[in-house]
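In structure tokens below, several structures.
The two complexes that follow have chain A in common; it is paired with chain B in the first and with chain C in the second.
Now for the complex of A and B:
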């Protein structure tokens, strides 16, 4: 039995099927990259796993976490898992933070919800978490409002909230799409380190193959709600099976080549 | 002060009106109801600082006494409107879909009724009084407040940070407390001050039409109504109640804006 088993997961809004019979599994400590264009159902799968699909969506199939069927759980029962077993980092760091709440309080919230720690202990822990996600001057930063931080800092706050209760499975949904390239690299490194430290599993969602390939060993390729390929990263690069995967790999190669050509010609 | 001029002037103007109302409880230069035909339509003088109306009543005394009616109306309307409107708005947004829909349609129906028409019907049933005006105004404004609040809550509910809060196991009560209320708070203050301003105008309008405060109780709207007939002889008499209404309404509007600014951390100068 794997840690997370997703079987024939189908998500639909009325008659519109957005995720069609997707199956994959993930062992404890394993990392899966999910790649696909926007609208391919990546985020919907993530929301289904954490049990936060919109009310208008229906999910069928099976999602088992350590053998427990999540789709059958009530919202109340599911809440015991959220934050503690499963946590998620959202794509847009500014909108994922409450603009009127100091970030320290937002980091402490999952701790207050789950471990019933005191407010003061929560803030102390928030300072530690800020330090562990690589934020400078954590004592100061916990008192800041989201608008006073930069994009990279905000995303680190999002990360601190997600790891507050040391979740067994961390889902990150395009965490670096809204960040510029240099900051992107640092944030990815931080995610990498944290996952390694805590030994948690990771589902890394992105539309950027080069980014995903630095974060995960296995890649699932999604297209129009269907899982078209699920392979090891080297296998995917050397021998992509599906048309769409081939295109993705070729594109990633072409960009790399273009870049190296450019640097060569400019140094001459 | 430079940072929040609206709040400063808003507080000053509202404090000015409130002081007038409070003062009138203990003291007015003359009995506001005392009729004195000898000084009908007197020009402002030391004896009558703002002059007298056609029946020789002291305008300043009436203005002071009228401010009481006005502010009590505004106060009652704000309390009724906010408690009714905000609970309906938040309740509707958090309820299952069918209830949400029903609430939206009911609010639309209430909004479609002209408030003045509603006041006329109510006055015909209950007889015109300040309370009738308060009820009519409250119902009309709380529908508007409920509509705006429902939308605001829906926007917050759809935001990523509420999703993020759910993802770290915050329950419904916590989400309302920590995310919804703080994020609609500024809008609530604007709406409350707006309701106060609307209430003052509406009470004056209704009293002017003879549907609100009944004689002999002094009211700014009625003062305007009675001065209208003598507008060509003595326009100044109409000026004072008009000015009083403008100042008070302006005060409440500025106060609302000022409070919104004070609550918004992005507009605050950071302490560091």
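Now for the complex of A and C:
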């Protein structure tokens, strides 16, 4: 039994099927990159796993976490899992955070809910978490509201909330699309370090192949709601099976080559 | 010697921020600070920098969509304050980042492209020009009666390009034209833009945080940080031999593919 097993997951809105019979599994500590264009169903799969699909969506098939069927759980039962067993970092930190609540309180929330810590202990832990995601001056930053922070800082807060209870599975959905390259590099490094420290499994969703390939060992390629390829990263780059994966790999290689040629010292 | 196409001298644009204290002056953010820049006809200039470095503010100033707090800006040697806007708009056009918000959702593609032709008194037959420009951006004529929401992201950006090129400008300012697009679509749009710039002999000002886009399309580059230009020069020279630490950081932060055997 793998840690996470997704079997024939189909998600539809009315008659519109957005994810079509997708299956994959993930062992404890494994890292899976999910890549695909917008509308390919990447985020829907993540939302299904974490139990946050919109009410208008129906999911069939099976999602098992350590043997427990998640799709059968009620909202209330799912809340016991969410934040504790599995947690998610969302794409757009400004919309994912509560604008009316100081970020320290938001980070402490899962601790208050799951670990029943006191409010004071929660804030103390929030300060530690802020430090561990690389935020400067954590004692002050916990008192800030989301709008007072930069994009990179907000994304780090999202990350701090997600890792607060040391989840066994961390899902990050395009965590860096809203960020600058320099900030992106730091945030990716932070995610990398945290996952390593906590030994969690990781599902890393992105449309950017170079980014995904720095974060995961296996890559699942989605296209129009179907899983067209699922391979080890070396295999995917050396021998892509599906035409779409091949296009992605070729383009990433060409861009890389062009850029390296450009940055090679002209004085040589 | 003739005047440069655009010339910015000691250009500043300050924004007053909200008060953080009851008394005293409002804090000021220098979005563009003491910036000097010359753009010659035929230049393909890339502007790179982090978000908040003043790239978009600079573009707005160059487009005369925003006024500088101080400093001067000239177009063909003429001060912006004395320019005839009807002529200026014929010459300088823009493509925005997200075509979903830059195209009017209530207009058909034909109406969208017609708007600048009417507004700028374009001389040729308007319907003919719409067909022509749609062909230039490689869209089928059947698309004319469609609305933006019926189009894919790539098609929408093509319509935005068609609208910008409709009145035959000589300068194109593009603010992150491909960053909202999927990778494969982005590649198509980059190829299209690169071809159009060559065939139409356009002067380009391209704003992007993506260095690989700049290396594809631009022959000169300026690197901005906190409203100032920290490095400028030939694209190849700057990227091969970055002088400023910030430029070096930018280049090293570009995600690279893992080395595989």
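Note that the second predicted complex is superposed on the first by the 263 of 268 C-alpha atoms of A that agree within 3 Å, B and C clash if a C-alpha of one lies under 4 Å from a C-alpha of the other, contacts with A are read in each partner's own complex, and residues count from 1 in each chain.
Following the convention adopted for this analysis, a contact is a pair of C-beta atoms (placed from the backbone, for glycine too) under 8 Å apart; a residue touches a chain by one contact, two chains touch by 3 or more.
Here the structure is a predicted model, which means the values were calculated and not measured.
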Contacts of A:213 with chain B and chain C, given as first, second, both or neither: second
First (chain B), second (chain C), both or neither touched by A:234: second
Partner chain in contact with A:256 - chain B first, chain C second, else both or neither: second
First, second, both or neither for A:29, with chain B first and chain C second: neither
Contacts of A:79 with chain B and chain C, given as first, second, both or neither: first
Contacts of A:264 with chain B and chain C, given as first, second, both or neither: second
Which of chain B and chain C A:100 touches, first, second, both or neither: first
Interface residues of chain A shared between complexes with chain B and chain C: none
Parts of chain C lying in touch with chain A, wherever the complex brings them together: 50-52, 153, 182-185, 187, 209-212, 215-216, 235-237, 239-241, 249-258, 260-261
Residues of chain A that touch chain C when the two form their complex: 37-38, 150-151, 180-185, 188, 207-211, 213-214, 233-234, 237-238, 247-248, 251-253, 255-256, 258-259, 262-267
Chain B - residues contacting chain A, complex: 97, 159-161, 163-171, 174, 178-179, 182-183, 185, 263, 265-266, 270, 272
Chain A to chain B touching residues, read off their complex: 50, 52, 55, 79-80, 82-84, 86-88, 90, 92, 95-101, 109-110, 113-114, 140, 145, 147-148, 158, 161-162, 164-165
